[in-house]
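Shared between the two complexes below is chain A, which has chain B as its partner in the first and chain C in the second.
On to the complex of A and B.
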């Protein structure tokens, strides 16, 4: 047991800045304190340090501008896309027939559905990576908190709601299978959102600003993918946030917003992390240019 | 948004209807004595040739109500083409009823790009009530006596449906 607690002390102290970490570890060894007390001291110090960091505006901007709105949107979109593609996967994989490739039209349908799925995968990865990068860049020292909260919003944001597709009795054959009902959405969220977001966070914490060329390439990619996915983003909010009783949208007012300009502008939200990346890269680029001149 | 199964907004109504009218949602054949006669219809195919359901008495009929806007319906059609190929000799006839409001204007181009090996006729609103078409697709299996052995709203399970077709093909007509 003591061994486990000391391991926890080790892990917790690793979250402190290098200098402080060495000092704390040195003190603990010198004072020969018990494992439980050592853990309390380290966690207490961590909390105090975190609280001090949250007096700055950046972590709050990261939380209010990225984690909550974009985490929620990614939670809805990833579940909705997973549900829609579950239906196609069930039709094409679980119920395969060679007739699917016998006619040019059927082959075209298959190619189109597969292409859309791949495009959605790439879009999710790009959105998640740019979000993660911006989060890391904006809240470098609070990334453990904002990153964890992002994970919580991603996986917990849709709790207590369903999707119209899942509630439709016509799709019962698909969603009676646990893999398509629960497994596939979790897989999509983990592999296509959480993992790229964490990779982006790590990069953002280490580098903070991308070279201008890379920032511009990322911007072109994200804007293009967002434009292509825009109708689906709108649909993810209206059809992908359904009440668990299947009687309509989880939030009643959403039904009135269905064709509103607010909903049409919603996909723009996914672009703001990359806009921030470009703004930061441009500022650094001009500063360097001025310094060189 | 792509909606593979048709209009999702009718889901609550459909749930209620399914409960009231007792349309089979599981892939089970109705008991021989409990089966009701399939409402007859006379519709025309793309060439203008008439197709009357009652003329298929003595054969097992797979009746598929679909539409070009319903992606899930279209993905199911290749299954029925496979069934048609496999079981036509044993007495199966598949009939597709396109329910597009725009009519042949949208159905003909689709059929040109997606040749189907069984007759496709154009449906009309008069079929909605007798066949309880509250959502798409609606697929029925009609036995050799012209009675509905199974009716399914939404996507069917291919293997289960094929099993039922085999069962029906083995039944003798009275």
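On to the complex of A and C.
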């Protein structure tokens, strides 16, 4: 038991700066502090350090501008896209027949559906990576808290709601299978959102600012993908955030917003992390230029 | 706008609110550090604080207060050498700066002056 607690002390103190970690672990060893008390003290120090970091505006901007709105949007979009693609996967994988590629029209349908699926995968990865990078860059020392909250919003944001597709009795054959009902959305969220976001966070914490060329390439990619996915983003909010009773949108006001300018602007939200990346990269580029001149 | 009050160590704001510049724990930490001299580092300060006050001192309270005092320019800290009884880990050494010594002295004088004639001060004298 004591060994486990000391292991926890080791893991918790790894979150401190290298010098402080050395001083704290050394003090605990020198004073022969018991394992339980040592853990309480290290966690207490971590909490105090975190509280102090949160007196700055950056973690709050990361929380209010990225984690909550974009985490929620990614949660809705990933579930809706997973649901839509579940129907096609059930049709083309679970019920495959060679007739799907016999005629030119059927082949065209299959190619179009596969292309859309791939495009949606790439779009989710790009959004998640740029969001993660910006989060890491904005809240470097609070990334453990903001990153964990992002994960909570991503996986918990849609709790207590359903999608129109899931509630449609016509899709019962697909969603009666646990894999398509629960497994596939979780897989999509984990592989296409959480993993790229964590990779982006690590990069953002280490590098903070991308070279201008890479920031511009990322911006072009994200803006293009967002423009292509825009109708689907609107659909994810209206059709992908359905009440569990299946009567209508989880938030009734969403029904009135359908086809409104507010909903048309919604996909633009996904662009702001990459806009921040370009702004930072441009500022650094000009500073270097003026320093060299 | 602030003006220095008649009692040193206090600041009078224009709305007549008096702010004591050091906190109780900050003062205790400065005193213990000054007494330990060249031997002042995290574990030693903590042990001396616990012995002096009879209260527990957590590593969180100690290091966050040290950071605050350092930010105010009242102490200077640096990483010292590692010792075997610390598992080969370095110490965070602490030294009270001239400004820190002045602030602690002001705080002490203020407390002594403010305590004159109060019941517990008399009781203390009687006990002695």
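Operating definition for what follows: the second predicted complex is superposed on the first by the 293 of 293 C-alpha atoms of A that agree within 3 Å, B and C clash if a C-alpha of one lies under 4 Å from a C-alpha of the other, contacts with A are read in each partner's own complex, and residues count from 1 in each chain.
By our rule, contacts are C-beta pairs under 8 Å (C-beta built on N, C-alpha and C of every residue); 3 or more make two chains touch, one makes a residue touch a chain.
Just so we're clear, the structure is a prediction, and the values are computed from it rather than from any experiment.
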Touched partner set for A:19, first chain B, second chain C, both or neither: second
Which of chain B and chain C A:180 touches, first, second, both or neither: neither
First (chain B), second (chain C), both or neither touched by A:48: second
Contacts of A:88 with chain B and chain C, given as first, second, both or neither: first
Which of chain B and chain C A:133 touches, first, second, both or neither: neither
Greater residue coverage of chain A in the superposed arrangement, chain B or chain C: B
Which superposed partner A:106 touches (first chain B, second chain C, both, neither): first
Partner chain in contact with A:27 - chain B first, chain C second, else both or neither: second
Set of chain A residues, in rising order, touched by both chain B and chain C: none
Chain A contact footprint on chain C (complex, rising order): 41-43, 46-47, 58-61, 63-64, 79, 82-83, 85-87, 89-92
Residue ranges of chain A in contact with chain B within the complex: 80, 84, 87-88, 90-92, 95, 97-100, 102-106, 108-109, 113, 116, 164-165, 167-174, 231-232, 234-236, 238-239, 246-248
Residue ranges of chain B touching chain A (in the complex, touch as defined): 1-6, 8-9, 11-12, 14-15, 18, 25, 72, 74-76, 78-79, 81-82, 110, 113-115, 135-137, 153-159
Residues on chain A engaged by chain C in the complex (per definition of touch): 19-20, 22-31, 40-42, 44-45, 47-49, 52
